[in-house]
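Look for chain A in each of the two complexes below; its partner is chain B in the first and chain C in the second.
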Partner chain A sequence: MTALQEVPAQDAAAPAGVRREALYFALRNGKLLTGFGIVLTLFLLGLLGPLFLSGTGSEYGTQPMQPPSAEHWFGTTTFGQDVFTQFVYGLRTTFVVGAMGGGIAAVIAMLVGFVAGYRGGLVDEALNMFTNIVLVIPTLAVLLIINAYLGVRSVGAQALFIGLTSWPWAARAIRAQTFSLRTRDFVDLARLSGANTWKVITREIAPNMSSYLFMTFILLFGGSVLIASSLDFIGLGPTEGISLGLMLQNANQWSAMQLGMWWWFIPPGAGITAIVGSLYVANVGLDEVFNPKLRET
Partner chain B sequence: MLKLDNVTKVYKVGAFGGKVFAAVDGVSFDVQAGEVVSLIGESGSGKSTIGKMILGLASITGGSITVDGVPVKPGKDYYRHVQGVFQDPFSCYNPVFKADRVFQMIKDAYYPKLGDKEWDERVRSTIRDVRLDPDQVLGRYPHQLSGGQLQRLLIARALLLDLKLLVADEITSMLDASTRIDVLNLLAELKERGLGVLYVTHDLSLGNYLAERTVVLRRGTVVEMGATGKVFGDPLHPYTRQLLAAVPRLHAPWEDAAPTQTCHYHENAASGAMFEAEPGHLVACAQLDACPK
Partner chain C sequence: MRRYFGRKLLVYGLTFFVAVTINWMIPRFMPGDPVSSMVARTGASNPAAAETMRVYYTNLFGFDQPLWKQYVNFWGALFQGDFGISIWVFPTPVTEVILGAVPYTLGLMIPSVLLSWVVGNWFGAYAARRKVLDNTLLPVGYVLTAMPYMWLAVLLAWGLGVVAGWFPVAGGYSFSMQPSWSWEFILDLLHHWVLPFASLFLVALGGWAIGMRNMIIYELESDYSNYLAALGAPQRLIRRYAFRNAVLPQITGLALQLGVLVAGALVTEIVFSYPGLGSLILKAIQNQDFFLLQGTFLFIVLGVLIANFIIDIVYVVVDPRTRAGMAGAAA
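Coming up: the complex of A and B.
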């Protein structure tokens, strides 16, 4: 039988009931658990791993170009650096850049998209114009100038810059979606129930497209990680530390592929793919948890 | 109670909003307490726009709409007394939430201090009032309920408030024939309770079944209004006749109404925009758009 019928339909009006029900389905959703499980594992590895490791991964070692072994789990680089240590520190940076950059971009995109889409008219025109202007700003050139004048090179500054420049497409997508939702009768009905603009957006429109919003965040997260790695490549990345992108670029620079040193580029590549891919799988699961129509198949 | 006075709604159309289109043009009528007034017109005649303006969901370009002398002011206080039910019950519910959330929203906004038990009792009794079994409809998602159930839940939602006026915008269009009669009988009961109902429809027979008075709308203007019996029994305006002739009848051949060329407006210019053929029965210029007004 369908999963829904197993759920007792009692006290559905109470907000606690709604939460309990979401949790009920969340804990039974394989996609959600797998996706979040992998992301959480990698996150904990990045968060707690450094506590158990000596060094930061940038120190040169005496055993260069070693394949994976008990001593060096992921092998070593051309300079004898431990790839596993680099990977663990890289995960840290990647999560920071992804979450901060993606988070900042998602918040701006939602603000601009919701307000423009729901309000329409002149507000929409103005916000749309602003969005389009940011969209056509040559990100790389601006970053070069900022770097030259300010010389800010921390991971946080990089994430902030990525966040502030990567939101326009998401804002446009959210605006379009909001446009189509705001003419639905349930929005009118919410207004007839005395809801103001903020409430209509947060309680009616946003929940309706929650999986879409989470998807936007995941794409922005993945995008931030990739932009960060390409910035690292041209030497505009953080001057200290290591990221998964930086590892990939180093491997590329020192011809790891041609030298058959697969252990140098596979872990960071797989790491980025695993994070973004698992978030995507988790999103499909989340959609099933929050969209009652998808639960019954 | 509800009074529309020379209401207009103008949309800007064209590439740069250079042209204007009057969706509603100088409409005046009223709805008294304990009365059902049906607003009849074909699609695009502006009837839903009028409903939206009364509910404060669309702005009013000109004229005034008042309820008990108070102009339309979207907000909690206004919606306590004026509510609407819309055409499509399926799109009135946010599909990601359970259907009974519409009741919870009313509680949160208007009765935040009421105990959960007391409120639940009230919701259940209101649901029984609209002839539904609370156990069958509560705690379910919109897609698990039928159109008739959803529509009746929306009426129940409106009844939880201290209602004076209900705008029913094509509420039976999406329902099958038997449910339709149930919902109409429900509206008739509301009337008994002293509510004013504005019944917006394109269905003449349903309007005839329910309403004391009928307002016929054509391209944003009222062409004829009066007691339902008078308007349907003795239509004066050619457009009304045309509408009535367009209703298919068993055992009767199709027959176009002969257009009248007498223009009541010009015969009786002093009486204002509409000619009062008999007390309470008003009719507009018969020459329609060709009227040299």
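Coming up: the complex of A and C.
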């Protein structure tokens, strides 16, 4: 009898224990802490920076082409715009595009992946075909056509279209994971006890791969940031406001390179690289936290 | 195997169909009247001349026909290789403009993609489970793969081109030269090719190295590796088997990355004003040359589909399971 009574008690303690264990390893994982540290710093800079800055970075100033100084931390552009102010506002845009584009892509990927993987059969065939088609079409080329014709020039719309086109690889990965979970005993049990598809997916399958889903979102976030910067660079970026990609485009358009104005094109690219690279590194750290096999001994 | 190729071809066929449909459909959703904006752009101040142009364009693009007929006509023109007339370099056919740019893009992409894949895989496989190498290669790999293509291109152009002066930073060849098959011209061409190639190569390299490293570690942990090790097989042999297994997902990865690689090539070309498809797209956007843009889009889709198919064939050659009809690459 004691053994039976002990089992539920252990079960109740297990999730908290797992969480505590994950936290234990998370706080000791250098990659995770460094990665998220850098992303958080840049995020706070983008979030709070504008409160301490005058202007939005698009105003023309009286001191054009100045190298970095105490007054202009990152120097000024050909038009006297303050590069640091642009950088701070650009960070905002970058995070918005990443979160929105990555978020939309993650939602679609989860819907398609879960349903295809769990249902199987014809539904799977159809969704798989659809996924493969969207997967093969080069995303940027489609976005070019859409943006050029429809004149999509707001950050939100840009993020929406990026989200709508960048989900396929994630859907495939989630489908494969779901496939391996759907025949497990606990899923069968839930189904036998009368839970419908939606409930089985949200209560049984998704929580069992939550770490995987989170890591997928991070990769989608990074991907969205990179795609958005490419679009901005080609000249299909938002017409209002500034983004890191637009800064690069402006610098290229006004020959900052030939004029030796390195302070104009180095910060925006470094910002994008720092955000995306830190996210990737943090992802490796997360993998080590959730997957004991990968932990360094 | 027939089933494998049948499925693949079906997907590619459908993809092409979808791409053409998108290409046809989106202009119809464009806000405003494309013909009137084009007429306005051509700068016909004379109302009579503008009206003649409008009739001409309407006939040319078939806006007076029912929608389904426009669609059928669109496909018909496509199969005749007719993508319309470029507005940017009026009146050159779009096909001609694009075909002039394609060699530059291919010349840039094929070597950089293949070389970065081979070298990246080699680096990754070598670094896996070798502490010192792993700790240096991994961060470098992550920084490279997180870089926007155009930024590395700008950095290289600035560092090696503008500051050091070793390489030219703009164009496919010197402006003073005419394209010809002389050694002088080919050397000049190569000189202009180095920097865009290097930046494409470097950004892609990081991703492949990281992917290969992770795959090798995964394979070295698998049962067959442990079994081989228990039998006393030399480490070299185990690694070779691990490599062979790890290459397969990397081939699939190459197919998955094609879209990103094309995008990278396009923005890199823009940085270097390299006369390929990327610069063409920029010109098309700046000049509102929608025919050119649409033509380029279809060319890119077609190119990616062909590349995908070649990778499928390679996969069948490399992985015997697909040949035996087993689900080696169930995709």
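Methods note: the second predicted complex is superposed on the first by the 211 of 297 C-alpha atoms of A that agree within 3 Å, B and C clash if a C-alpha of one lies under 4 Å from a C-alpha of the other, contacts with A are read in each partner's own complex, and residues count from 1 in each chain.
Heads up, the rule we're going with is that a residue touches a chain if its C-beta (ideal position, glycine included) is under 8 Å from a C-beta of that chain, and two chains touch if they have at least 3 such contacts.
In this text, all values refer to a predicted model and were calculated from it rather than measured experimentally.
Of the two partner chains placed around the shared chain by superposition, chain C is the only one that A:Q258 touches, whereas chain B remains out of contact. Of the two partner chains placed around the shared chain by superposition, neither chain B nor chain C is touched by A:Q86.
When both complexes are overlaid on chain A, the residue A:N29 reaches neither chain B nor chain C.
When the two structures are aligned on the shared chain, A:P138 is found in touch with chain C, with no touch to chain B.
Between chain B and chain C, it is C that contacts the larger number of residues in chain A. Of the two partner chains placed by superposition, A:T76 touches none, neither chain B nor chain C.
In the superposed pair of complexes, A:Y149 makes contact with chain C only, with no contact to chain B. By the touch criterion defined above, A:N208 reaches chain B but does not reach chain C.
Shared contact residues of chain A with chain B and chain C: 293. Listing the residues of chain C that touch chain A in their complex gives 10-12, 14-15, 18-19, 22-23, 26-27, 29-31, 139, 142-143, 145-152, 154-155, 157-158, 161-163, 169, 221, 256, 258-260, 262-264, 266-267, 270-271, 281-282, 284-286, 290, 293-294, 296-297, 300-301, 304-305, 308, 331. Looking at the complex, you find that chain B touches chain A at residues 52, 55-57, 74-76, 79, 83-84, 86-88, 91-98, 100-107, 109-110, 116, 120, 138-141, 143, 154.
If you check the complex, the residues on chain A that touch chain B are 9-10, 12-14, 18, 184-186, 188-195, 204, 207-208, 210, 290-293. Per the touch definition, chain A reaches chain C in the complex via residues 129, 132-133, 135-142, 144-146, 148-151, 169, 172, 222, 226-227, 229-230, 233-236, 245, 248, 251-252, 257-258, 260, 262, 265-266, 268-270, 272-277, 279-281, 284, 293.
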